[in-house]
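Multiple structures are listed underneath, in structure tokens.
One chain, subunit A, links the two complexes that follow: it is found with subunit B in the first and with subunit C in the second.
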Partner chain A sequence: MKIKDGFILRKFSDKIVAVAEDDYADNSNSFIKMNSSAEFVWNFLRQDRTYEEVVDALLEKYDIDRQTAENDLNGFLSVVRNAGLLDEQS
Partner chain B sequence: MAVYRIADLNIKIGCNGNYLKTLLKSYICDSKIYDFEVITTEEDIQNERKAADGFTDEMYESSAVLRKISEKILADYNGILFHGAVIEYKSRAYLFCAPSGTGKTTHIMLWKKSLKNDVTIINGDKPFVRIIDNVPIVYGSPWKGKENLGTDVSCKLDAIVFVNRCEQNFARPLSPDESLFRLLSSTAYPKNAFGRLKAIDILEKISDKIKFVDLFCNTDDNAYYTALKALTEGIYEN
Partner chain C sequence: MSSPEQIIKEFGFYSAPVHGMSMYPLLKNHRDSVYIEPPEHLKKYDVVLFRRKNGQLVLHRIVSIEKSCFLVCGDNEFFKETIQKEQIIGKMTEFCRNNKNGKTAGLKFKIYSHCWCSSFFIRKILLYIYTKFDRD
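Coming up: the complex of A and B.
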């Protein structure tokens, strides 16, 4: 799976906002707010990765157990999937 | 073409229809010097029609001019156009934002009714906020909404209040990041990457200097008091 192109990440307060570059995106599809671990996953998924690769990367980067990493990742994936930003064909 | 003074800028505006001429009338200034110029084309009018059908060409001219001014101020003059109703009370401005029809005007009229001449309605629909010397200043504009509420004054912006209709009256403080999406729904900016990022830039600068309040209120007289307590005393109980 891979994050689709066409978004720019920008800091706002203590959150990260993904901003659509698309001229035709409506407001609800133009902005996604996330925390710093989500930003890490976002950047990691700019290249095609498997679910397991993302979990392993989270475990290496953060001091968390596998269950927490999977829960965080599932939450993130549901947000980007609902926004139509996840390319899951591979 | 005349020069008009809007949001502390001299703007030369090409204006054909009487609708816009009437709105702009009291904003005319004698200066020959201007910060920028706005001319609308037939294509601009068509674009406004595409965005919202069912109005007259004179109204489309007005919305096209407002759009061009707001884009120029966003790009070059450290400011952004809000959709909201803004009042001044004791030298502080409070900007009330909500989707159309929620009751922003009804709410500010409660302030006016209770506090009378201590409250000035700066603008009922389309105020500008600019960062001047690191301070967010809100400006009235010729676009005052269907009730035509507003005066050509400016004031330091102290807080933005998001109005929600509710049977009870209560308020809670919001952080800037909790407010961001609602700010993005309450402001005007080009629907492209540059416009969105520029809007976030300005909103971040504004957010650093003001407070945010989520207001749940009915239309009883004491609804204003819930807002007043939260805004002036930081008291969030009923």
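Coming up: the complex of A and C.
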């Protein structure tokens, strides 16, 4: 799975949001607010990764157990999936 | 998909890419994005996001404040539009222009706003020159 092209992270004030850019801006108005770990996963998923790869990356980056990492990742994935920004075919 | 009104209510802010050229040369279609906060303490020169009666979302600048309404105009436009306070969804407090962040509270933005708004009549010439040399 990977994050679809056409979206970029912007930092405003203390917020991180994903906004559409270029030609995608006309078709999508997806709004996603993120925290720093979501930003990390977002950037990691700019390339095609498996679920396990993302969990392993989270475990390496943050001092958390596997269950917490999976819960966080599931929450993030459901938000991104609902916004239509997740490409699960690749 | 949630509307900007709902998002501002839920999160306290809204962010979106820029559509159209009405705020050019400050903001360019598809390239730039804006950060919108609830519309408090509105002043002349503030850039506000509002909804037209036909449902269209518009980002324009306040050029005059009347007793019960606001006169707004796009930086790239010459037609002033009257809107009610209830139509205003939020005001732009930050923006990302060509990958660089800017704040509307900064001095640079204030000087730009004043100069641009006071040049209403020579804007056509300025815009013509700017467009001609903007090869991006």
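Convention: the second predicted complex is superposed on the first by the 81 of 90 C-alpha atoms of A that agree within 3 Å, B and C clash if a C-alpha of one lies under 4 Å from a C-alpha of the other, contacts with A are read in each partner's own complex, and residues count from 1 in each chain.
Everything below uses one rule, namely that contacts are C-beta pairs under 8 Å (C-beta built on N, C-alpha and C of every residue); 3 or more make two chains touch, one makes a residue touch a chain.
These numbers come from a predicted model, not from an experiment.
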Practice item. With the two complexes superposed on chain A, say which partner A:14 touches: subunit B (first), subunit C (second), both, or neither. Key: first
**Study point:** First, second, both or neither for A:31, with subunit B first and subunit C second
**Key:** both
Check your understanding: Touch check for A:88: first (subunit B), second (subunit C), both, or neither?
Key -> neither
Practice item. Could you tell me if A:63 is touching subunit B, subunit C, both of them or neither one (first, second, both, neither)? Key: neither
Point to revise | Set intersection of subunit A contacts, subunit C complex versus subunit B complex | key: 10, 12-13, 15, 17, 19-21, 23, 25-26, 30-31, 33
Check your understanding: subunit B touches which residues of subunit A in the complex?
Key -> 8, 10, 12-15, 17, 19-21, 23-27, 30-31, 33
Check your understanding: Of all residues in subunit C, which touch subunit A in the complex?
Key -> 1-2, 7, 11, 13-19, 29-31, 33, 35, 93-94, 96, 101
Practice item. Would you mind writing out the residues of subunit A in touch with subunit C in their complex? Key: 10-13, 15, 17, 19-23, 25-26, 29-31, 33
**Study point:** Complex contact set, residues of subunit B against subunit A
**Key:** 175-177, 180-181, 184-185, 191-193, 196-197, 200, 203-204, 207
